[in-house]
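Here chain A shows up in two complexes: once beside chain B, once beside chain C.
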Partner chain A sequence: MREKLATLARTLFRRRRARTDGGEATANPSGGFLSDQFVSSLPYWLPAFLIMGLAVYGAIFWNFLLSLTDFQQFGNPDYGHLDLGMYAKAFGDQVFLGALQNTFALLVSFTLCCLVVGLLIAILVDQKIRYENTFRTIYLLPMALSFVVTAQFWLWMYNKQNGVVNIILGAFGLGPYEWIGNPALVLGAVVFALIWQFSGYAMVVYLAGLRAIPTEQFEAARVDGATTLRMYWRVIIPQLKGATISASVVLMVFALKAFDFLYSLSGSYYPPKVGHPRDDDGPAGVQRRPPRVRGGDRHHAVRARARHHRTLSRLPIPGR
Partner chain B sequence: MTDTTDSTGTDWRRVGLYAVLVLLVVFYLLPLWTGLMTSIKIDALSTAPFLPPAPSGFTAIHWTRAAHALAGGLVNSLILAIPGTILSALLGSMAAYGLTTLEWRYQIPVLVLFIAGIFIPYQAVLIPVSKFWAVYLPLGQYGAAVGIPKWLGDLTGLIITHVAYGIPICTLLFRTYYKDFSDEMVEAARLDGATTHRIYRRIILPLSVPMFAVTLIYQFTQIWNDLLFALVIVGPGKGAPVTVPLAQLGASLSDVGFGIRMAGAFVAALPTIIVYVLFGDQFAEGVST
Partner chain C sequence: MATLELDSITKHFDDDGKTIVAVDDASIDIDDGEFLVLVGPSGCGKSTTLRMIAGLETITNGELRIGDRRVNEAKPRDRDIAMVFQSYALYPHMTVRENMSFGLEESTDLSNDEIAERVESATDTMGINDLLDRKPSELSGGQQQRVALGRAIVREPEVFLMDEPLSNLDAKLRAQMRTELQRLQEDLDTTTVYVTHDQTEAMTMGDRIAILNDGVLQQVATPLEAYHTPANQFVAGFIGEPSMNFFDVDLEGETVVGGGLDYPVSGDVRATLTTDSLVLGIRPQDIELVDAVESGRDVAVTVDVVEPMGDESNVYLSLPDTREGETFIANVDGRTPVEAGDDVVARIPEEAVHFFDRQTGEALRNREFEGDADVDLSL
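Here is the complex of A and B:
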């Protein structure tokens, strides 16, 4: 994705240059704003642009506007009084700050570990191995699964008495640990499971990056007598900067989507719909726990502000 | 990239390499394997979780129960994912055509706006999206007024939402592909008097089939796997996609529930696993773009 953005930037630059030094006559087959090409292109991109623009930019703007009001869960927001009060409230709220801290810890540790694991596996897979496609397919498989699905598997893996993780650790005389229930361990356990799910993705991106490096560079480093470790550290890894940036951006987006995973680990609470009370067509026997957050004064606008960080609000707050 | 010398030392290195690769296979498959074994045991605790059951301890009851519990959700997910996938791929292909093959001056800034949409975390738009569907365009209620079940209306809202947030990535995938098309081909068609529409229908669309495979597979997995939008826009009940009841399945039971949970996880993941096994390469291409 990084490469693509770079190409875009280059195209943009080239066009500008063509216009300044080439003059109107050479060339712009594209012509001005109201050229035939522009008009005939409208039916193709405009519908998609309007839908996407409304959903992405419209919603972000609306969300920002809501965050300035005192809007609560039900009723209509009052757009007459806009202020930063909800931001002050959010940043004065221990639960929110703790969640923010947890989200940040997850984001950083998950992204870094995924990159390192992905790179190491990519280097191993790049050694002209047999059945490369099979290995690659297996390593990438967890990524095709839903967070809800992988959460079920890891809930069982982390089970205190009978989970595989504790059985393996038990073989070394450790444990058993309560992974999901223990505030000190749960964040690490979640990060580990997410690395399991997404390191294959980092591997695929790095593999593509490694393949793009000309073979001569590997050979030249060898001829110079560099050890394998040194060759990778000094020659190869610095060239994977583009792959690293593109992979980390996507991994961070996945880390924020980890809400699905965390919800499924604990979840049986269904949120009420915004704007009107939820209709009661839930399946029988569904437990409806009240939200865990304290007090009845949880303004919706605080949540609008907090939404990035809510992901981890169920996790413990270190140092509290 | 490897040592090509034939010394015995190198052989050992290869052995070590394959040993590590196989260990990694075990690591990536262990949770799935454990789940599969647990799902076919009468008593989840009769043997170690990753061992198969004793012949007398085998059962299919977890699978049938899970399939029964999730059947409605599976149907809803199909109603959701199939049109959602096709629509976002089609809109993405058209947008990429209008912004790549047809050339006009300010298309790059427009394209940048499209691509920036890829990086939006869903949480950032959750409240506006849910409020929009609940208050300003309650399709469920509109539908109910003309006799369409309410849940189908809600599900339609969810389809449109997924299409809207899927357009950016689909546009990028097609844009990358169309950029490599030769200008001469399109130019020649234009000189022959082909209209813009005809060029798209007769030249671009037939050539896009491989990219459609990549996009459809990627987008299908994304929509099928989503929980957050499903939870907020449709919620539990008749219209809920399979991820919603799955998160709930077996939660009220303790250890006893793991058999049905594991079976449920597989039932819900089956379509994506099938797609992945059949089209793994296209999936890899989709994610690495």
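Here is the complex of A and C:
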């Protein structure tokens, strides 16, 4: 009996020891999922991973989930019956469809024109001209400006009475046109302004693409008898496929983000007037939200912002 | 087919206000159907010369004539030339067929059928029929090379211009393409200007070679003339592999002394030497290794290094009383039993010796050569 107990104890002991060994082995596996490195690196990436995962992708998913409910304003959404009712409503709404159509038209025309203009400027700048860097900066500069600022520029330039666009057209006996107010013209005017702002970007991408093409390609085409136009058309531009794709992707993203620009331009954007309870040059309340594209009040966004900047500049700066 | 005349062609580049002379007053007359090789070290202006002929560089001074037509101001497309680039410059987005048709479509009024016919016949010549629908990226280096040549010959131009077309190929393929290119040029009988830095290509391919250095034309001659009767020390050193051995010597009475040599010179030869300050040149192939010193033209030397090449060996020899590492080369039969450290005797035969003016580099006396094309190069 005693012997039996001793044997059992030995067996257990051995087994336990064996198990312990095994435990140690799992702590140092030869390449399992929960490797030492993985565990010890957790504190470094897990918080960021969780925040990113929940706040961005989790929110996207939640948003999608909400879109399937009939949830409105605040309160507790009812996740009981999910359906595509909201989507059906959106696609049945003329305003939404109109916006969709305009966005699509803007996306296509803006991207295409920007690419063409950018390519032409890039080819011109690539002719080993003097002050090349200066030109490059000049063409790229508009892109560095805020949409709100460029919108104001164009607002002034498109002004019916005093805008420089109408003045120039007037010299040829045309116009004046109400560029922003006329629904038939506004999309074109907006696209033109956006092209001015972003064709510099397309130029930079194309210029890099042109520089990457070996000089021999140009020379071979010239020796082969191609005129400059034919050389670019048949030999050089086809080789800019990569540049075209990368430029279009970025330009399309900008086209979709042009919302700020449109909002500033159409004058229906009013930042909250915190600290400015009285606005001396505008009507109050509901009337301050005129229908889109109405003449009078469209300077508000910029004025409000300018006021904001003035306020900032009047703040006492320590040490002054 | 046409003659090509370079009449005092000069090219200046402007570099931050300084003028750099790339090609200085080069005059070459190239016959109809001739294969002229422009050869020289990197930066000697050979590519610039070719590019001026192509119309890719402007000509600062001088006149360029194709046929009898002045083409200085003509655009490349109006010169009736075809060029093969070192990098081939095939259009990467076009198939082989499109690459080859491109030149004809752009420069001629041929119908599509005629173009297709000419492309077919050019691909037959180059043996690349089965590659017609492939893109350049799908071809090997050798195949790209053939397409590049095919793209030139399909044009049937007056003049072919080739800018180091074989330098991107491996050694074996290069030797093969060299022969093929020569045969092709003979068949087509088109005037060709070929630029290379490789003196083997220059020697083996050209009807004549033009040697350039520092933008200055050194000599235009047949390969054998340039080899045996170089115009100056540069040509003598540039043409021939391994290079000619040079010794800085001074004429003292009946011998020349210097660089460890004390070499007797016969009266006939002395008569040709117009200065005392000389360079003695001897080709490695002309030096013999003998058993014993029999005359003043045999010198006792020590073998420094032996480079066996099979049929022949390059033996690096050092003279007594010279600094370590200062050697000259003898090219001897590969079966000669020599090893590093051996003491041997080098025989420098007087009829093979060249003398150059040490100041100007000009050849004062060259080895005897009758200009006979059948002369055995290996001697």
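Assume the second predicted complex is superposed on the first by the 210 of 320 C-alpha atoms of A that agree within 3 Å, B and C clash if a C-alpha of one lies under 4 Å from a C-alpha of the other, contacts with A are read in each partner's own complex, and residues count from 1 in each chain.
Methods note: a contact is a pair of C-beta atoms (placed from the backbone, for glycine too) under 8 Å apart; a residue touches a chain by one contact, two chains touch by 3 or more.
It should be emphasised that the depicted structure is a prediction, and the values quoted were computed from it without experimental measurement.
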item: Which superposed partner A:W154 touches (first chain B, second chain C, both, neither); value: first
item: Partner contacting more residues of chain A (chain B vs chain C); value: B
item: Touched partner set for A:P142, first chain B, second chain C, both or neither; value: first
item: Touched partner set for A:G225, first chain B, second chain C, both or neither; value: second
item: Chain B versus chain C as contact partner of A:Q239, first or second or both or neither; value: second
item: Touched partner set for A:P214, first chain B, second chain C, both or neither; value: second
item: Of chain C, residues touching chain A in the complex; value: 54-56, 75-77, 81-83, 85-87, 89, 91-93, 102-103, 106-108, 151, 155, 161
item: List of chain A residues in touch with chain C within their complex; value: 214, 216-217, 219-227, 230, 234-235, 238-239, 241
item: Sites on chain A touched by chain B in the complex; value: 1, 4-5, 7-8, 11-12, 15, 28-33, 35, 37-38, 40-49, 51-60, 62-63, 66, 121, 124-129, 133, 135-157, 159, 161-164, 167, 196, 200-201, 204-205, 208, 215, 218, 249, 253, 256-257, 259-260, 263-264, 267-268, 270-271, 273-276, 278-279, 281-283, 285-287, 300, 303-304, 307-308, 310-311
item: Interfacial residue positions of chain B with respect to chain A in the complex; value: 1-2, 17-18, 20-21, 24-25, 27-32, 34-35, 38, 44-45, 48-50, 91-92, 94-95, 97-99, 102-132, 134-135, 150-151, 160-161, 163-165, 167-168, 171-172, 175-176, 179, 195-196, 200, 221, 224-228, 231-232, 235-238, 243, 245-249, 251-252, 255, 258, 261-262, 264-265, 268-269, 272-273, 275-276, 280-281, 283-284, 287-289
